[in-house]
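There are two complexes below, and they share subunit A, which is joined by subunit B in the first and by subunit C in the second.
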Partner chain A sequence: MSLEREKIAIIIAGLIIGLIAGLLVVAGNPANMGFCIACFIRDTVGGLGLHRAGAVQYIRPEIIGLLLGSFILSLIRHEHGSRGGSSPVTRFILGFFVMIGCLMFLGCPFRMILRIAGGDWNALVGLAGFACGIGAGVFFLNRGYSLKRTYTQTKLDGFIMPAVQIIMLLLLILAPAFILFTPAGGGPGAKHAAVWISLGAGLIVGALAQYTRFCMVGGIRDFILFRETKLLLGFIALLVAAFAVNLAVGNFHPGFTGQPIAHADGLWNFLGMLLAGFGCALLGGCPMRQLILTGEGNTDSAVTFLGLAAGAAFAHNFALAASGNGPTMNGKYGVIIGLIVVLIIAVVNTYSQKKAMN
Partner chain B sequence: MYYVALFYSHFGAIRFINSLPENITEKRMMPVPRSLSASCGTCVRFEGPHDLTFTIDESHEVEQIVKETKDGYIAVFKSE
Partner chain C sequence: MMIDARGYSCPEPVIMVKKALEQQDDKTCEVLVDNHAALENITRFVTHQGYAVESTEQGDDFLLKITRK
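Presenting the complex of A and B:
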């Protein structure tokens, strides 16, 4: 595939993903949240009872679909392979703090774009923080930062997370007593499209993202590193499509205040996404990309996924997650600690590589 | 003749491009072409002799090296 074809493919994919994200809100998902990897992992963790925030408990079929869509297409394209072993514990910690950053902002990079498309200008502040965070990550990448290489793992390793997703789907459908659901009117967890719509949307977006390597972090990173706009075009196409759907169905409400599932504290919106962008740049991809890579058999991304999930549970069990009322004091401490930890990871893994190079 | 080298990390690409002989002036880092890999990492595209051989990778950072031809890519080195 030539570079031009790659660009066209990613623009089309971005338009389709934006369209699907906009329509998922029409189908029942929370406002400006057709997709949100951070929120949906948080809801899923709540559905499993790993946190007790009653407003956000629902096993989201979009997450299941994303992972399985990538898994199925990578199998068809002979691109599935069990690989890993690149600093898994560090990746878990990075995933954990990326989630803390996202839940301060109230959304992953994907939702950040959807919030902008819905007229939530607080997300522009988040975007500024996100871009600065990626810039910080690129600073270290250019100086030799590395989590070391991956190696081929046992074949079974690459199939475990897709299998877990099928179990999650069964738990959602069969709804045994130990699976938690936010009651109707009880919060964002109660707002969702029908299971088959959410699952279908996830499968399509997962396959498109696998085919095009769609990544919210990769777009900005590649532009800073190589002045390459390919992934950035996908990012823009998604924004345009979601904006068009919002405009068409009356879901575009420009402003800073009164935005759905958002707060207007600019400093902490900025710092939350700074942390998310910095952590994601060091991980090599946004939360959605981690799900896609997990579907392809990457066990490091699977560990990152688990880190994101642990971060979500921790954030709600210990009141770190922000809400429409704004950030909590615990959340502010969490973000500051996260920035320090991510900086230490960046410095140590840059300095140790430089020593190895000399 | 142009070649594209793929790596397990961005660090591997930096190390590789710095290790290329000075007489190779056509060299640059860029995103990995989709047709070469599902990975979204960094590769190095460089000009080299027609008969380039590459058998030992002491850094263990090089995933593969391919030669660009008008019919597509031909592998000249692959780890594992």
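Presenting the complex of A and C:
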């Protein structure tokens, strides 16, 4: 693909993804939450009963669709390959704390953009923290930070997570008694579009993201590192399209207070996304990108996905997640600990291998 | 200069190329990568920087030859 075509493709993809995200809210998803990888993984682990926060329990078909959309397209494009082995445990821990940061802010980088598109200016504070976090990651990347290389894994390894998604879909549809659902009116988990709409939206967005390598972290990172704007254009196109849908359907409500599934504590919105941005930069991509790579057979991203899921379960079991009422004390400790852990991972993986890299 | 960036994931291959080009006097290098994302990212970066790049498939890998225009 020529450079011009790559840019046009990502702008079109960004516009379509933003449009779909805006319309998912119209179809029943929570406000400013057409997509939120952090929230939806959190809802999914809640649906499985791995945490018992009754307000956020629902196996989200968007997650299933994203992963399978990427899986199917990568098979068609001969880009599916089972690869992994690049510091998987470190990636698990990074995924874990990225989730803690996201649930302090109440959204992944994707939802951060959707919140801005809905007029939630708290997300601008989050964006500032996110960009600073990525800047911190770039600082270490420029100095030789690496989680070392991947290797080819067994063929089966790259097919396990897509297979798990099919099982998740079956659990959602068959709804055996041990699968939990937030009762109607019981919280964000009760707000969702019809299963097939959510699944279809996930499949389309997953395929588009696989094709264009869409990434919320990559946009800002590549701009800082190389003055490269391709991924940033996708980010902006997504914002513009979601904003347009919100305006058209009356979902644009500018302000700081009274925003849906958000709090107005600026410091912790900033620090939550600082942690998410820093962790994601060290992982090489945002939570959505991790799902897309998992679909492509990347088992390191699969482990990251599991880390995100574990983080979500812990966040609600130990009252780390913020709510519309603001952050919790435990959550503040969680974010501080996360920042320290991520910093240690960055420093050790930069300076311990400097000799080897040069 | 030959860089083996196989197995490294985005953005490391691009950083490896960037550093190599900065260190080299003749401003040329060859890079071996094993995934499409790295191929695209390196191509985009060096083209932006005013280099010519030629890529060929080598089994499961791609070899990029980067030269000053």
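Definition applied: the second predicted complex is superposed on the first by the 356 of 358 C-alpha atoms of A that agree within 3 Å, B and C clash if a C-alpha of one lies under 4 Å from a C-alpha of the other, contacts with A are read in each partner's own complex, and residues count from 1 in each chain.
Just so we're on the same page, contacts are C-beta pairs under 8 Å (C-beta built on N, C-alpha and C of every residue); 3 or more make two chains touch, one makes a residue touch a chain.
Note that this is a predicted model, so its numbers are computed, not measured.
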Once chain A of both complexes is superposed, is A:Gly54 in touch with subunit B (first), subunit C (second), both, or neither? neither
State whether A:Gln353 touches subunit B only (first), subunit C only (second), both chains, or neither. first
Is A:Lys230 touching anything from subunit B or subunit C once the two structures are fitted on A? First, second, both or neither. both
Decide which partner touches more residues of subunit A, taking subunit B and subunit C as the two options. B
Taking the superposition as given, does A:Glu6 touch the first partner, subunit B, the second, subunit C, both, or neither? both
First, second, both or neither for A:Asn142, with subunit B first and subunit C second: both
Regarding the shared-chain residue A:Thr212, is it in contact with subunit B (first), subunit C (second), both, or neither? first
Enumerate the residues of subunit A that count as touching subunit B in its complex and touching subunit C in the other. 1, 3, 6, 79, 86, 141-142, 146, 149-150, 213, 218, 222, 225-226, 228, 230, 284-285
Would you tell me which residues of subunit A are touching subunit C in their complex? 1, 3, 6, 79, 81, 83, 86, 141-142, 146, 149-151, 213, 218, 221-222, 225-228, 230, 284-285, 298, 300
Residue positions on subunit A within touch of subunit B in the complex are 1, 3, 6, 9, 74, 77, 79, 86, 141-142, 144-150, 152, 210, 212-213, 215, 218, 222, 225-226, 228, 230-231, 284-285, 289, 296, 353, 357
Provide the residue numbers of subunit B that touch subunit A in the complex, in ascending order. 8-12, 14-15, 29-31, 33-35, 38-42, 60-61, 80
For subunit C, which residues count as touching subunit A in their complex? 6-12, 14-15, 18, 35-37, 40, 44-45, 47-48, 60
